[in-house]
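Each chain carries a letter (A, B, C and D) given by its place in the written order, and its residues are counted from 1.
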Amino acid sequence: MIFLKNDYSLGAHPKVLDALVKTNMTLADGYGEDAFCYSAADYIRHLIACPAADIHFLTGGTQTNMTALAAFLRPHHSIISADTGHICVHETGAIEATGHKINHVKTREGKLSPQDIDDVMISHEDEHYVKPRIIYISNSTETGLIYTKAELLALREACDKHHLLMYIDGARLAMALTAQSNDLIFEDLPKIADAFYIGGTKCGAMFGEALIIVNDSLKEDMRFLVKQRGGLLAKGRLLGVQFDALLKDEAYLQLGAHANAMASKLAEGIKAKGYEFVIPPETNLIFPLFPKELAAELATRVMFETWPYVTDTHQAIRLVTSWGTEENEIKEFLKLI
Amino acid sequence: MIFLKNDYSLGAHPKVLDALVKTNMTLADGYGEDAFCYSAADYIRHLIACPAADIHFLTGGTQTNMTALAAFLRPHHSIISADTGHICVHETGAIEATGHKINHVKTREGKLSPQDIDDVMISHEDEHYVKPRIIYISNSTETGLIYTKAELLALREACDKHHLLMYIDGARLAMALTAQSNDLIFEDLPKIADAFYIGGTKCGAMFGEALIIVNDSLKEDMRFLVKQRGGLLAKGRLLGVQFDALLKDEAYLQLGAHANAMASKLAEGIKAKGYEFVIPPETNLIFPLFPKELAAELATRVMFETWPYVTDTHQAIRLVTSWGTEENEIKEFLKLI
Amino acid sequence: MIFLKNDYSLGAHPKVLDALVKTNMTLADGYGEDAFCYSAADYIRHLIACPAADIHFLTGGTQTNMTALAAFLRPHHSIISADTGHICVHETGAIEATGHKINHVKTREGKLSPQDIDDVMISHEDEHYVKPRIIYISNSTETGLIYTKAELLALREACDKHHLLMYIDGARLAMALTAQSNDLIFEDLPKIADAFYIGGTKCGAMFGEALIIVNDSLKEDMRFLVKQRGGLLAKGRLLGVQFDALLKDEAYLQLGAHANAMASKLAEGIKAKGYEFVIPPETNLIFPLFPKELAAELATRVMFETWPYVTDTHQAIRLVTSWGTEENEIKEFLKLI
Amino acid sequence: MIFLKNDYSLGAHPKVLDALVKTNMTLADGYGEDAFCYSAADYIRHLIACPAADIHFLTGGTQTNMTALAAFLRPHHSIISADTGHICVHETGAIEATGHKINHVKTREGKLSPQDIDDVMISHEDEHYVKPRIIYISNSTETGLIYTKAELLALREACDKHHLLMYIDGARLAMALTAQSNDLIFEDLPKIADAFYIGGTKCGAMFGEALIIVNDSLKEDMRFLVKQRGGLLAKGRLLGVQFDALLKDEAYLQLGAHANAMASKLAEGIKAKGYEFVIPPETNLIFPLFPKELAAELATRVMFETWPYVTDTHQAIRLVTSWGTEENEIKEFLKLI
């Protein structure tokens, strides 16, 4: 079977694994107060050119999103998100379980716009409504798209206009920052977002996400909140070791670039055979529209997920590449169509 | 000023007030464990022909909705509601503050259909999604419409198919049950819904709602939940006294019928003058579409709220009648248009 | 039966009832934005000599405590309270249901001391513990005792030392401020507490409590929080009308003084007969220790509650007087012992 | 520096690390639905002789405790625990953040007794109180003690009497089951507890705990709850791989036995020098009472934590051994005293 189902089905990238093995018998203080975490945090601050940023390492995306968002909000505050946002659909109501409503916004392709923000704000006028306080976007999105720098700046402006904070879910930040159409660099992020995370789980780590808090007013007591939500790993050192290994020497971006390159080859091959995409391919998640018979046949040879777009004759599917996808898998896939 | 802004701007209907005055110096046990509450509860069980129903009296609608819904659900359960539902927009996220997501459904006019339920269920397939467990509808709705018996039975069937519970917000049940197009009676409700409430605040009481739990599996320990959410009034007797006064001798339905009759006269007069409605008038909330200039002029003589439907030339407004609306107010209004 | 069971088993004081009757058919805007509430709030600001205080009217004590405390705290913050505090035992975990731990402190007689605060703070050292952020006291306490001005100032000092807020539950403030040993006046409260409430339910109102927020940093968006927790009464005017009637012409303090006077007569009579008290009588809750046979016999003629203090031969009971207790009830009781 | 500070400051036991390395490039489905997790779960069911048990793998102890306990309870339910319980003090209010009160019980040495349960139950009589629904114990406890089989059976009996569930935190189960005074085996646990967890983090794993649900009524939808609380690791396979490696060939118990053996040598040496213990040494956490000068001197050569027991002349400290503690560390320590 060719595997194009997701980007979290291998263990860790060999560099990360080696680092874990090498440091395994080194004694380190618990709960992230160790030299590995301090080193990784320092490196991140350097990478994003934001010496005052607070860095917290957590184990997964849902945990990071719910911990950060709930920490930033008072009980009546809500979160504005595209209704395809990971927090809206794929986190089993983790956000609501912390007490907060998400204002779901219907978007065309999963990207939030300043107009969307205006629309939500205009209909939330007084204390009978929740008070939107933060926007949630992911880069790249669950639809495989990225935000350009101009788009992010426009969102920031909308946030400032409405006294809103801005949070970026970077589960696939490695792919976002290495997409062909991308014009963002690490250093731009803390200038635009109040908080964001650099995703490890889908970008080469065994597990782990690095939450970065830029806005000073959001920093206080964050370790209490991480602990309370179950995210303060006893052997926090494991996260420091991994991010250190991942981020140094640009490994992180190389892994992202590889996943994108594989997806790009795949997309080009699919286009060349005359098929279309329901969402334009931009990163490592692509969404070709195949005749139903072909989709059914592929399912016997390839592991992938279907996408909820279907016509009388065609079915959209989701193909995902990762740092571990090999070129011959792409070639084999293309032979099948 | 003519007052057509809402149905909760007077105190209590005189019958209710008299009952409160008469019983004021009678000693009664606290927290709803008194003869007045027992009598009112018995009367409700008789009225709805459901001797096994549990009755709890609470002080307001938001409180009743959040207390009941949260009591019925486990943390991963969600609630399906039309996106115009009171719990979706006008309760400041009270439901989410108890930890539960609401699956907002876009509807044409504020009424939920079996198809809406099917659509939600099909997209909630496994543990990465919340698990819908109950539907929330209001009768009459926030758009002034009612559900027919057939519509409710169809919803019930959809609920059974999907292992869902059914809850009816009866904030304006008096108006629903006395609408011209209505074919429901009190006795139908416990046969269809797992729980519902008979609204007092908007139907003649000073304050108060009577929550009725029909489904045995939802009854356990409900008084704990009411107390925990702040809804167990120390002088619970006040609620028993009011519902006793309201419900006996059909006062409740007469008050609803009066509000509807006033709205009906209003709607007929408006139609006679050639204006249209954005939602067909059915109960005591009606939504005429007026030229903008007329709407602006009316605002100087009439208290009402605008409705978020607007064209280049016209603006919809919401007119509300109540048990206290007098016929001459209607006549005066009609003179103005 | 003589009734000495609690102070919330009558309706409203006649002055309050009259005011409700008189204003019943006056139209008023909903949710506390009406002339009655504005007037009552202004009067309270005058009474406490704190022109900048924010006033919110809620329907009951549990609701007020949970709404206020949860509004003031971030998720990792806890509340320090005597373990006899109303929020600790008699509110069905309402506080915890909003997500916050209460640090229960074992005290001798239900009053919190600066030393208690120090002890809690010393054992909460880092992010593995909750972070205490506010102290909860009630005046008078659930044990019928009051805090002197000096005691409150000492608590305030301890709070300042530890960066803690201070909240006073005034469910029985009328009795506290009129106890013989009291040296506090309304004007002292906003100088000492960050927030407190003037209790209506147990002090002459039909229902209702007036929450007063003094500390500017706690005021923002409070109406959202009140609405979200189900405490924003549609006919908020009812609360304004009641507090206006209660507070003007010193009615409130007279009602408290009456309850205390009745309790005082009761206590003197009991002492005269040679019985002791497990807690020294100070306000309208007194706790005599009676031989078990006497306690049993009394139970057939008097409504009261037992108190969890019992020896081989004796049983403590709780006797409560209210604004409605009549002198002949006291005399009859004393004849029985 | 000799390290006797805790049992989570190394990485993984070499067997576990090897297994992670060997399986690193094997593709596996996400979120614990993979062959490694299935194999580990099967093995656990075999080990505890409970073929119907449900097994869930989570990443840490706080996360496991809060996820399990909150999943088992309705909002008004509380948890009975010794006030030294991990959930009471060292989890930053994680339990309360899910909405539940913990009934803290003062115990002499951190172990809960049937009498403690009776005492709590007698004071929680009606809906004004939370309703205790489950007891939380840890084995071994935070004080290094274990429960004998007879003690656990007596607690079970008390639970049955009061309609309570029973949950065992097994963060250090390896040490509990290999203590000299222990008479419990794996197979006993599902016969006594409704749910428990086998701790990995402190017993040789890199990270991870295996939650075991025995009581059928608690099993439904557990994966939803784990996901919602952020505990469903994307690469769940990592947990399966680790528990497989840990549990097979009795590695788990051998690691526990080693930690205990080291602690035992330490305790004997300390006793031999004439020092006493504030809690009798039983597993890998021991609490000697040293003269203050000695404690201060040790602090310059040994990493350990102080224990909150202090006299004018003496200070208790906590010494912890682990699977990685070496005999020469013990010898060196003993030379220092």
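Please note the rule applied: a residue touches a chain if its C-beta (ideal position, glycine included) is under 8 Å from a C-beta of that chain, and two chains touch if they have at least 3 such contacts.
Values in this document were obtained by computation on a predicted structure and should not be read as measured data.
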Checklist entry - So which one's got more C-beta contacts, B-C or C-D? => result B-C
Checklist outcome for this item: Taking each chain's centre as the mean of its CA atoms, the one lying farthest from the centre of chain C is chain A
Checklist entry - Rounded to the nearest whole Å, what is the centre-to-centre distance of chain C and chain D, using the mean of the C-alpha atoms as each centre? => result 42
Item to check | Separation of chain A from chain C, taking each centre as the mean of its C-alpha atoms, in whole Å | outcome: 50
Checklist outcome for this item: Per the C-alpha means, the centres of chain B and chain C lie apart by a whole-Å value of 34
Checklist entry - Counting only residues that touch at least 2 other chains, which ones in chain C make the list? => result 75-76, 91-93, 97-99, 127-128, 130, 224, 227-228, 232
Item to check | chain C-touching residues of chain D, taken from the complex the two chains share | outcome: 75-76, 78, 89-93, 96-102, 104, 123, 127-130, 308
Checklist entry - What residues of chain B sit close enough to touch chain C in their complex? => result 3, 6, 8-12, 14, 17, 20-21, 23-30, 59-63, 66-67, 91-94, 97, 201-202, 206-207, 224, 227-235, 237-238, 324
Next on the checklist: Touching residues of chain C toward chain A in the complex: what are they?
Outcome noted: 31, 70-71, 74-76, 98-99, 127-128, 130-131, 221, 223-228, 232
